[in-house]
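My questions all concern the structure below.
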Amino acid sequence: MSATTLKDTEAPPVPEPGRRQLKATPGTFLVWGGMALFLILLFGVVASVVVNSFAGQWFDSWFPSGYTTAWYGEAWQQYDLTQVVSTTVIVAVAVVGISVLIGAPASYVLARRSFPGKNIVMLVFLLPIMMPPITYGIPLATLLTYYHLAPGLTGVILANLVPSVPFVILTMTPFIEQINPSIESAARMCGANMTRLFTRILAPLLIPGVLAAAVLVLVRTVGMFELTFLTSNSSSDTLVVALFTAMTGAGIRAQQSVDAMAVIYMLMMMVLLVVALRFVNPTQLVSQVREDVD
Amino acid sequence: MSIQATSFKTLELEHVARNFGGQAALSDLNLNIRSGEFIALLGPSGCGKSTALNCLAGLLPLTGGRILMDGRQIDRLVPEKRGFGMVFQNYALFPHLSVEKNIAFGLEMRRIPRAEIKTRVAEAIELVQLGPHARKLPGQMSGGQQQRVAIARAVVLRPPLVLMDEPLSNLDAKLRLEMRTEIRRLHQSLGLTTIYVTHDQEEALSLADRLVVLRQGEVQQVGTPQDLHEHPANWHVADFMGYRNLLDGVVEHTRGGMATVSVAGTGITGATRDPLAPGDAVKVGIRPEDFEITDASGPDAGHTRLEAVVEVVEYQGREFAVEARTDTGQALHIRTHRTAEAGQRITVSAPHERVLVFASALTAAAPVPELQEATP
Amino acid sequence: MSIQATSFKTLELEHVARNFGGQAALSDLNLNIRSGEFIALLGPSGCGKSTALNCLAGLLPLTGGRILMDGRQIDRLVPEKRGFGMVFQNYALFPHLSVEKNIAFGLEMRRIPRAEIKTRVAEAIELVQLGPHARKLPGQMSGGQQQRVAIARAVVLRPPLVLMDEPLSNLDAKLRLEMRTEIRRLHQSLGLTTIYVTHDQEEALSLADRLVVLRQGEVQQVGTPQDLHEHPANWHVADFMGYRNLLDGVVEHTRGGMATVSVAGTGITGATRDPLAPGDAVKVGIRPEDFEITDASGPDAGHTRLEAVVEVVEYQGREFAVEARTDTGQALHIRTHRTAEAGQRITVSAPHERVLVFASALTAAAPVPELQEATP
Amino acid sequence: GAPGGNAGGEELATSDVPDAPSEAVTLNILDVAGNKQLTEGIFDSFVSEHPDVVSGVTWETAGAPDMAGKVKAQQQAGNLQIDLVLTGTDGLSAGISEDLFVPIAADYKDRLSNMDNYQEPAAEMQKLAEDKGVALTYYPSGPLLEYNPEKVPNPPTTAEELLTWTQENPGRFGYARPANSGPGRTFLMGLPYILGDDDPKDPANGWTKTWDYLQQLNQNISSYPTGTGVTMNNLKNGTWDMALTTTGWDINPRALEQVPANFEVQALEGFTWVTDAQYAVVPKGVSADKMSAILQVLQYALTPEQQAKTYDSGYFYPGPAVEGVTLDMAPQSSQDVIAKFGRPEYDALIEDNPKATPISAEDLVTAFNTWDTDVASGKIEEKK
Amino acid sequence: MTQAPGRSRSAAPEKPGTRPALSHRLAERGIDRLLLLLVPALLFALVLFVYPFVYGLGLSFQPREGGLFGAYVKFFTDPSMRGLESIWITLKLAVPAAVFNVAASIPIAYKMRGKFRGKRALTTVLVIPITLGTVLTAEGLLNFFGQRGWLNRFLEIFGFGPLDLVQNYWGVLWSLIISGFPFAFLLILSYLSGIDPSLEAAAQTLGADWKQRFRKITLPLLAPGLAITFCLTFVLAFSVFPSAILVGDPSGSTRVIAYVAYNAWGQQFDYPLASAAAIVMGAVELLVIILVLLWRSRMYKGSTGGKG
């Protein structure tokens, strides 16, 4: 729609249409320029770690004096990454799945209804996001341990759900608000009950919302050290626990092996993310259709 | 979970009411719908037609009254359990589903076997003439095409009751006629009970078994098309039934169902069903097509004659719509085969029995069948 | 930045075309619009009317052709610089702005002084009769009310060209007439050039200076209402102009603008403008209201007589719509004042000069003024 | 309180602990001191030698500050799953203040007879444990300076020279936040000895010279990394020319090729080693069987042959806590590394210089706080 | 659902039987069976969060010394805690970071709505930093922006002295941007795509140029989403802890409140004090968020389609 957007996939038979869109205003220039700068710096940041993770010796020079892949093997070995990575994936997927399942219906209610006590409910959902885990981490771990849910995988998943569910709720609410309620009405007139309304109509329309929420939760979960650590045992440590231990724990480690692990972390997340983005475009299907009209 | 798409015998609306934040959008709607009936809701924009349908569908909670199906109260049932079909005024198509899938949606919800879904969807698409567009998404279609998808989506379910909210408003005249025929055919062949909102008088008259005329959320009259067309209960209904000329006047005298009214000094005689007395404020209703431009002048026994100056002439196919103004400043709408020219002085006449006289006060409307007085 | 809301003399559309992913929604539209003209676009659902308006407004880039305003090419101008007004088929109201603010939006964009905005908005609200709803949000209003906001929002700008996409489709008959009058009044008093999409033949005929009939993205005929109504260029236009009976036949013989056609064995005589020869496949067009149910039987010099059996009778106010079928299986649509009963055998007659004969092939349409042959 | 709010876990009567577990147990070890690197071999060989006592060990690693919370949560819930914690002095004192550990050295003194063989400074370190832990490894630590010989031909040899050097080379010297860094901490605790402060064990009142010195040093330090790793990084890539180190932080990173092998070490004149050790502690709440196994393991770990493994690759150089463990008893790989990256001069330095135990945990926190407020934050004020 | 049509308090003099069912009246006030959908989440929050949180809250009122509020008093007044300063420092980091992330995402997302080749790739690249994780970001920043990092080496070629880009305020801000921007961008891009393009088309025909369209149409419709995005990025930034340590100057210019709390917890083992610090932290966040949400509650929230 915007006149300044680069677009037009069809080659017009007449050269005229579409030409005006390519004119770059200062604003456009600023936006693309800023973006390019950001990307360059970002690339530098990532590249420096990646290079280091393959570095033999890298002292005071532009590039390492030699390259090796040994660090990966070492990190893999030392931290038992086979198990750690698989635990991480299990925990991440479980937390994302469960929190979307629990959170989406709740955000639906918050988006569509106003009811007495809504503010209190909102507060209850806001607090877990804001409170640092140290306020509630130990009592929570105690509680879970008491019921023999922790230490272990179950405990890790449950503990990570505490901030994740509210995250989903908070992100999804505006998405649901955007959907025209009459589409829902139509689905119900077609005989869809709440469950199927969710799975068949809302879910596809909410894909960008679900994706955003899921990515958010995924990143939070995979990066959540405190709660995971407090509820994990040696067989349910996640990657971030390994990483943080490597980074902050006692002992002397080759920086390269930490970097190698960080790269593994990044690659794992990237795979998850790229898979996610491959299958869903973070723009609503509705407007994807409309974009064609552009 | 199972959808009660079973048929019913009667559907009773008792004092159904709906307010939006204090303002009544629908008040005290009483209606007895028999199975297989075709009921049209008519009324000016914003009178509560869509609200009525939404209440019936269960999409809006009632703020008053109840709905009974075969004596069983259903107004607390969620929409999907009522099993009604609905064509929404704004279509409300699922933007992420293709035409086919939009139409198939309801069938899938009812767990109809795949093969049957396929044939029924194909039929429905055929019905609304969207064959070449079956795989498009709603956003890729024209307004009328979308509207047709909405119709197909509702009727493909063959629900016991189908609610249609101005389903043909965005279709061209020809398609409208065709669709109208199809809707009637479906109604008859499947025995669908239909409640139909339309702003098209002709559509209402031609399709419906009974009409319900609403005004500001209140029912004005319920009756058969002929009833309403020939004996509108009050001037508002008359207005809706094509009595475009509604002239304010005062009763001069009445005699056996006929009243003579003074409209800005001119006497007009017409039939009335209201109990009127001389001096009452009334509205005189005359249809544009009941006026005739005559060459004759002077009084005539069975006719009221008025003189007027033509102001606007509009070509409307074979007929002309003429707007004229009497010497007393009263505007007249006339539909005629004879052309006239702006500025021309003409005499129009209307037969007495075609002129209707109504009390001005709307509450004095004649009692309406099946309907208690609407006094909120 | 300044908005060129200045008037123009002519607006030329040259070979304007628009494809959607290879499929042509509009092809080779040629039109010369003079300032102050009222042009109606007519055509079946999905024929490209909205696409044409969108192209003109600049909302869709053209895939072919160009648009010239007073000789200056404007098709590369962004919509906001064209300064046209538009009523969208789906209204496209700003959901977060109240009715007032929706209407004021365009004025604010044009940096009109506050006081003037206020009065103009108030006027516009008055015009569309939404006084009591001025502070509501679009989502809180009925379909018809929303549509009226859309109209008000477009006309309050008094743009040099206003594009209206079925602006009255969701209004009741009475309001439609009133709004129609208002639109014409605005058009005339402000000299707005108007392009108006409608599916309502009557509306088109009564409002427009010229009509453009489209079919599958191609122009069929451009002309005055009278032109089109009386001399439709081909059977498709005729179809649109109310020739509901389009009977397939074969020319038997022609004589001086009249052709006699054999329709399933029955001979029908009518007027033609196409160069026809015996044996040509043709369509015979007859309006329902041109049929008369007669008691007489046997041949008649100036009339074609057909016998048929009544199938459906529909009450439509003062008239009846009758569907009958001839012995040869041909369905006939008849509009008549005389009632008939299903199963009754009737004789209908139509005067020769009211019957039109068209070549079946659409490409053989008579050359249309201002329009080169539409061959994409 | 939390469910099962039994703050200390089940108390275990000494008499209930059998000599050997009724069946082989699995030990879950939480390592918060990087001790795994040194002692994993010991545990492994115990498992292979005594499979009837310990069938296996699992390792978990973490930072010291996180340990107490985790142990506490499990104890409060009455569902302890950590059997043994390997910790440095920081975790040790945290656990002591929270009363998390079994007074193992007191209760089971007779079963840990090898503790009698501690070398002298290690025995001092053992006292810090207040009987709540068993010192497994020991090293004299530092403080030491490490520098790039190409950039610093004449390294400072006294505290005064160091100050002068930093003034001449602002931004070329640094150390990590003492709270997060062994060398930093050692330097902090070692300075009072070097500068001759009133009471080297009383940071609140007795460290006047030390604080003054640190503030002066601060003028020419650009930033304090949080972690020794970053200081080594700064050293190797040329951001700095000189940094603080300890014996372990000198040998091990060079062995790991993190720091060029040619970098040199310099001790300040008249310095006192601030010793360090790592302990094995047992959280309250372990079962009798596990306790019995743990006692056996610890006793085994304190044998000279096993202690020799703690030479490792110099991470905690030298490492062994008991007397009479020499490098030639260590595994060959260990000997090779030390031969290549070790420094012969260490033996003399360790021999000649006095050794002091670190200050108490509470005093250390006070010192960290003072450092945070008076030393490091003084910098931002001036910079603004 | 209950059915008893209890006594109606409706003002209108209604006939018997016209009183709406209780369920309808409740539905009017927003209470119906749909609220049950809240139950799982609420239950979850109550069991797994509220209880432990109340415990932690209680803990903050049981300080080692001083009365009920001893821990709080200590937090705010003890010179070695520097509590107020840390709040200020945290706000100084979190607010600019959140504002920047949101503000930078808006134009980029706005430009990215249309269809163009490589859009998906660009989106992916912009979102990639999410995957980096704190550690990689920190390592990368130290390596790349460090005194002897590539950037400074590069600048050196042009004779610029080495810039101090890490181990201070900027290092932390950078890491907050790298980790926060993709969040904000992803969210805003998605919220933006939920707005029906025909609204902008309408505004265009009404003469609004892109700035006006953006300000008057897109922004207001986006506002509820922006508010949430701001809240989330703000919370993420406010609780910044690892990066404040890894690439910041935690004893000085980036002594954030989370660090103070963590210090009390992990170094001083003063759990009440740690809880108190964390509660103060939550309270400050809550304050900011409530302000934002109050603002949001005044926005239009609802369907962003054109019709209906």
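Note that the chains are named A, B, C, D and E in the order they appear, and that numbering of residues resets to 1 at the start of each chain.
Please note the rule applied: a contact is a pair of C-beta atoms (placed from the backbone, for glycine too) under 8 Å apart; a residue touches a chain by one contact, two chains touch by 3 or more.
Chain-to-protein mapping (UniProt): A = ABC transporter permease subunit; B, C = ABC transporter ATP-binding protein; E = Sugar ABC transporter permease.
Computed from a prediction, not measured in an experiment: that's the story for all the values here.
Asker: In degrees and to the nearest 5, what turn takes the CA positions of subunit B onto those of subunit C?
Answerer: 180
Asker: Look at the interfaces D-E and A-E and say which one is made up of more C-beta pairs in contact.
Answerer: Counting C-beta pairs in contact for D-E and A-E gives the edge to A-E.
Asker: Please indicate which chain is farthest from subunit B, where distance is taken between mean Cα coordinates of the chains.
Answerer: The most remote chain is D.
Asker: Could you work out how far the Cα centre of subunit B sits from that of subunit C, in whole Å?
Answerer: Computed value for the inter-centroid distance: 23 Å.
Asker: Calculate how many whole Å lie between the centre of subunit D and the centre of subunit E, each centre taken as the average of the chain's C-alpha atoms.
Answerer: Each chain reduced to its C-alpha mean, subunit D and subunit E end up 39 Å apart.
Asker: So how far apart, in whole Å, are subunit A and subunit C when each is placed at the average of its C-alpha atoms?
Answerer: Using C-alpha averages as centres, the distance is 53 Å.
Asker: Could you put a whole-Å number on the gap between the CA centroids of subunit A and subunit E?
Answerer: Using C-alpha averages as centres, the distance is 14 Å.
Asker: For subunit B, write out the residues touching at least two other chains, lowest number first.
Answerer: Correct list: 78, 88-90, 92, 140.
Asker: Give the residues of subunit E that touch two or more other chains, as numbers and ranges in rising order.
Answerer: Residue numbers touching two or more other chains: 32, 55, 148, 196, 198, 201, 204, 245-246, 262, 265, 302-305, 307-308.
Asker: Mind pulling the subunit D residues that touch 2 or more other chains?
Answerer: Counting only residues that touch two or more other chains, subunit D contributes 2, 63-64, 66, 69, 180, 227, 233, 237-238.
Asker: Could you pull out which subunit C residues touch subunit E in their complex?
Answerer: Where subunit C meets subunit E, its residues are 1, 3, 5, 57-59, 78-80, 83-86, 88, 90-96, 105-106, 108-110, 137, 139, 143, 146, 153-154, 157, 163.
Asker: Under the touch definition given earlier, write down the residues of subunit E that touch subunit C in their complex.
Answerer: 196, 198-199, 201-209, 212, 216-217, 220-221, 299-300, 302-308
Asker: Which residues of subunit A touch subunit B once you look at their complex with the stated criterion?
Answerer: 180, 182-183, 185-193, 196, 200-201, 204-205, 285-286, 289-290, 292-293
Asker: What residues on subunit D touch subunit A, complex-wise?
Answerer: Where subunit D meets subunit A, its residues are 2-4, 28, 32-37, 58-64, 66, 69-70, 72-74, 76-79, 81, 88, 180, 182, 227-229, 233, 236-238, 248-249, 252-253, 256-258, 260, 315.
Asker: Which stretch or stretches of subunit C touch subunit B in the complex?
Answerer: Residue list for subunit C touching subunit B: 20, 42-46, 49-51, 89-90, 133, 140-145, 147-148, 165-166, 169-177, 199-202, 205-206, 225-226, 229, 239-242, 244, 287, 289, 314-318, 321.
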